[in-house]
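I'd like to ask you about the structure that follows.
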Amino acid sequence: MRPSGRKLDEMRVISIETGVTKHAEGSCLIRCGDTHVLCTATIEDKAPSFLKGTGLGWVTAEYGMLPRATNTRNRREAAAGKQSGRTQEIQRLIGRALRAGIDRVALGERQIVVDCDVIQADGGTRCASITGGWVALRLAVNKLLKTGAISSDPIVDHVAAVSCGIYAGQPVLDLDYAEDSEAGTDGNFILTGRGRLIEVQMSAEGATFSREEMGTLLDLSEAGVARLVEAQKAAI
Amino acid sequence: MRPSGRKLDEMRVISIETGVTKHAEGSCLIRCGDTHVLCTATIEDKAPSFLKGTGLGWVTAEYGMLPRATNTRNRREAAAGKQSGRTQEIQRLIGRALRAGIDRVALGERQIVVDCDVIQADGGTRCASITGGWVALRLAVNKLLKTGAISSDPIVDHVAAVSCGIYAGQPVLDLDYAEDSEAGTDGNFILTGRGRLIEVQMSAEGATFSREEMGTLLDLSEAGVARLVEAQKAAI
Amino acid sequence: MRPSGRKLDEMRVISIETGVTKHAEGSCLIRCGDTHVLCTATIEDKAPSFLKGTGLGWVTAEYGMLPRATNTRNRREAAAGKQSGRTQEIQRLIGRALRAGIDRVALGERQIVVDCDVIQADGGTRCASITGGWVALRLAVNKLLKTGAISSDPIVDHVAAVSCGIYAGQPVLDLDYAEDSEAGTDGNFILTGRGRLIEVQMSAEGATFSREEMGTLLDLSEAGVARLVEAQKAAI
Amino acid sequence: MRPSGRKLDEMRVISIETGVTKHAEGSCLIRCGDTHVLCTATIEDKAPSFLKGTGLGWVTAEYGMLPRATNTRNRREAAAGKQSGRTQEIQRLIGRALRAGIDRVALGERQIVVDCDVIQADGGTRCASITGGWVALRLAVNKLLKTGAISSDPIVDHVAAVSCGIYAGQPVLDLDYAEDSEAGTDGNFILTGRGRLIEVQMSAEGATFSREEMGTLLDLSEAGVARLVEAQKAAI
Amino acid sequence: MRPSGRKLDEMRVISIETGVTKHAEGSCLIRCGDTHVLCTATIEDKAPSFLKGTGLGWVTAEYGMLPRATNTRNRREAAAGKQSGRTQEIQRLIGRALRAGIDRVALGERQIVVDCDVIQADGGTRCASITGGWVALRLAVNKLLKTGAISSDPIVDHVAAVSCGIYAGQPVLDLDYAEDSEAGTDGNFILTGRGRLIEVQMSAEGATFSREEMGTLLDLSEAGVARLVEAQKAAI
Amino acid sequence: MRPSGRKLDEMRVISIETGVTKHAEGSCLIRCGDTHVLCTATIEDKAPSFLKGTGLGWVTAEYGMLPRATNTRNRREAAAGKQSGRTQEIQRLIGRALRAGIDRVALGERQIVVDCDVIQADGGTRCASITGGWVALRLAVNKLLKTGAISSDPIVDHVAAVSCGIYAGQPVLDLDYAEDSEAGTDGNFILTGRGRLIEVQMSAEGATFSREEMGTLLDLSEAGVARLVEAQKAAI
């Protein structure tokens, strides 16, 4: 029934390749099927000014998409002169998600910037960005631990995200673009390695959904994130 | 336990005053406690260009906050030269929510713009905007029906929204600013008059939450939206 | 002869309601007929940087109009990405006018920002903003005096403004939108409580006027401002 | 008493040189003392879109100042990314003034753009722009008449402007920068060749003025504009 | 003598991998040592408006750099709200270079947009963009030929570019970042497959160079481009 | 053969008038035929922040064109809200060129800003800006030497620029607009007074050129710059 022939609860093939750029403190290329995102983590010695003197660290994220990552070319945001509302929404989401897995006291007064750039898009780019962004963050933090810049590990748990939705009347896991553009209801679920919820965003465009469907989607997302966490573990 | 002395499932006092500006096709001033939002609906004869020739209508929303709606003055977005990511996120949310309650075929190829301007803020401004925005939309559609511009009612159900969160370890309904700024986990729930879900946005900043807590918050939101829908009915 | 049936020298009904928002140090909602402007005054501990170390204070103003304050919806300036020339012209005018009634030494090195937001427009919004803005400023300064932050009153006189113009060949006082959009010549007169002139802006679009007409308009404005000052006194 | 040694009602030396650029349909370099403004008029075949089909023409103006036209360098507005409020205010003023001297029916559905660029500034740049801009406009219209593009002269009268103010307690004519920066009260007066008023803008920064002073300044401006109109006549 | 140990006329290892994204009509990942650029070509049915009705086609380019492509993170241009002068200069250069190898009549009234996004930077990104951009363009044109959209090949020759400069007093070929940041004189040479010059940009920052040095650099560039053209041929 | 009737190696008439504005530390109006550029140099006590504490000075340039400097009016960049890619490219070029003639140690930690504003354009505006900009810079530096602010002359040589190109198959010197808009290949050559090269920018739009042609153009440019340097010497 799914355009890709996948089962309702079947995820796309996941691959996470680390160390893909020589400059960044942490980096990976995550592939969730045909969605490919390059994630880099940059350590900055200074925290944002609103944290000055607090001893607390910060993790933030930026998101971008290459103009021809999609089927038809999108206008380059740098040329348009601003980031779209969608881009800003996504990068705020990635940042919040990654911060939920961090002990900001242990991180110390510094900032880690996670850049997620979509090389090729086929649905689920914000989820892939979170899952891959966590790997880049993990690698950058490892560097801080190794050099002794920090003494205890500020990462408290894995963070990963998956999309779920109702496609052709059925709850499905890990929507690709063909499904995403047709689904009346879909959303993103961000969970920790231990299965705790960080963020739930279910949204119906021109449709509504029931409490029961909400429950099924939460079940699917738990299974999906467990798979992603395995892939994260394998990558590091 | 709540700063306001309210019970865990107690909402703030709601008031919806309609017809508050002489120019708009529909308008109301919604007060949820100390959060006051002026909502107006404007009917435009043309739909956005991406709908040209489809016969489908559109509902969109814009959101703003007066500089001194809050405890300390915020920079005016018009002076800053752009809408913040937060503003864009909110107005996209309001638009999606209101469209979920509309039959776009029955609306016909026109657009209704709902403006939500926060006069005074005390938490929950996006929820009040959705609840009040629906009333303004309803009044504008009534005008279209009355003049015969459209023949069947495009509004399929009420749409209203309420915030819920975990404050001091307890699930609470309808957070005010004092709670909102302290809650580790909070979110917005948009439902129809019949209790169907339109959008769920639960987010943990520096915390996580369980499936059980998610369930309790969904229960609270159902009760809260039912109250808001009553207030909408009373207002019209 | 006037669309509203008013006499040539008859002003619209004026009402000034104070204390309309709980956050601002001073606030009022001024209504001049169907023109309604919400004015708030915010006290900031720091003066602008060009005054650093001078001991002098500053009063500045910002002006905005809700998108549907007018008969047809205007594009939101925050969405357009800039304030129009008209908006900037008006807010510069309000700021200059209010500063003319202030002893900047007595105010001390701090700033008061007066925000004037038009809720509903029917002509004369800049004049209503000045008259109402002065009330918000007065209330904020009262707070400074009460707390002992300043010891002598920096407000040297009332400041109020009224529009006059030549409509259908006759000099008229306090133009509403129907007159304003037709008048070949119109302008704004800002005076103190003692009747001294602060600013005169007469402008002819596609017409010209004589010295005699200028004199009559100055007479009308003196009478009009006297009425507004009475309303200010009653409000405080 | 005046820094320049001029008498209270003495204007600076005026010179208007026409035909200073080979491309523009009309052009002049106007010098009012040390204030030098290059004015060009460009004829465009199309009127602005809001006039489409009305048969009416339009005259508009743009104003700029070279970065080092002043004593200390100003940031280039093109580099800053926007025109200041002051620039917009001035160019709107120039446009309104020039339109007051034009019969827009006789002009026909086309637009004339008058660019006023300040090469060197010493006070009174907006007045010089109006006086010189009118000359450029006159020359461009002459070209339209000569080629037969229009048959009757749309220019109904001269338009010229002069500043007046109260400097060191005395009403003075044609303020230079030294006076302008000290004057508590000053303004701009735009009149026609026949002495009719087009625009009066008197403004007090930190001071106020009386009806009598207003009268004296109007007298001075009439004399000043008469001199400028003579210079315009001599130039053409 | 060179930081990399290369000989004066030795180029870095070149690799060109084609077909790297599934959406673009033509794509490649070019690697010149540690400089990696992803190039995609997008075919658009419409030419830019200035070519409407001429029957001529257009090739244009856009350039970007991922924030952490470099040793220290650069601010994202989309977040900064504009493309830097450097970015605009580079993308104008790439576009001009590629157009020099195209018969715009044979291409027909359509546009090909070549996007060059630097994944990792180590000097010479604009040259790699031109060399790789030509491959993406070639592949996209092949698609047009294959589908019969055009009948004769509009590509008249290879286009490739290499940098040369004077490093530590010696003329060197294909500068990497370590050399580029130290070289007093360096530049970019764009040539065709037949060795004709398209563009020469030699620039001295804080130094000057002689006619003889210019000659040597031109010799080096001819040899370098010949190597790049071989790599292009091998890739297709 | 040339539209102007000039010989292939004949330059336009050059005139350089100094001291043309009373405010700038150095200024000139350079005329190369019908191309007229006003150049001013402003001395700023502070160097840019990236030089803080280095003891090194900086020279930078900004470039602008009056809207009607050209045959058809160009949109004012300040109104458009940004400088075009072309403008940025040119002003970066002027800055680099002038810095090549300066000893930044001798200049000391200060900045000189050279503004080049095109009053009338007929091709070659960037070359005229460099040649005239150098004169303004020279005059400003003279002022620093005269006041004793610096003790040794930081100007190491003249800097001047000329365009060359291939017009109607022939190499020509100093292209005017009629030639520039037709030439398949053209470029700018910046040299010192001693004939050393600073920058070479040859570019072919829809054509290519040979090594031999490159040589001829270099010869022409040497002769042309020698003439410009004579004019610079005469002007000072």
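Quick notes on this one:
Which chain is which? They are A, B, C, D, E and F, in the order written, and residues in each are numbered from 1.
One rule holds for everything that comes next: a contact is a pair of C-beta atoms (placed from the backbone, for glycine too) under 8 Å apart; a residue touches a chain by one contact, two chains touch by 3 or more.
Values in this document were obtained by computation on a predicted structure and should not be read as measured data.
Counting only chains that touch, the fewest steps needed to get from chain C to chain E is 3.
With respect to chain A, maximal separation of chain centres occurs for D (centres as means of Cα atoms). At the far end from chain F, in terms of centres built from Cα atoms, lies B. Centre-to-centre separation of chain A and chain D, using mean CA positions: 59 Å.
In this assembly, the C-alpha centroid of chain A lies 28 Å from the C-alpha centroid of chain B.
The distance from the centre of chain D to the centre of chain F, each centre being the mean of the chain's C-alpha atoms, comes to 33 Å. In chain F, 81-82 are the positions where the chain touches two or more neighbouring chains simultaneously. One full turn of the ring, starting with chain A and passing chain B second, gives A, B, C, D, F, E. By the touch rule above, chain C contacts chain D in their complex via residues 82-83, 85-86, 88-89, 91-92, 96, 99-100, 104, 187, 192, 196-211, 214, 218. Touching chain C in their complex are the following residues of chain B: 21-24, 27, 34, 38, 40, 42, 44, 62, 64, 66-71, 73, 76-83, 87, 113, 115, 117, 119-120.
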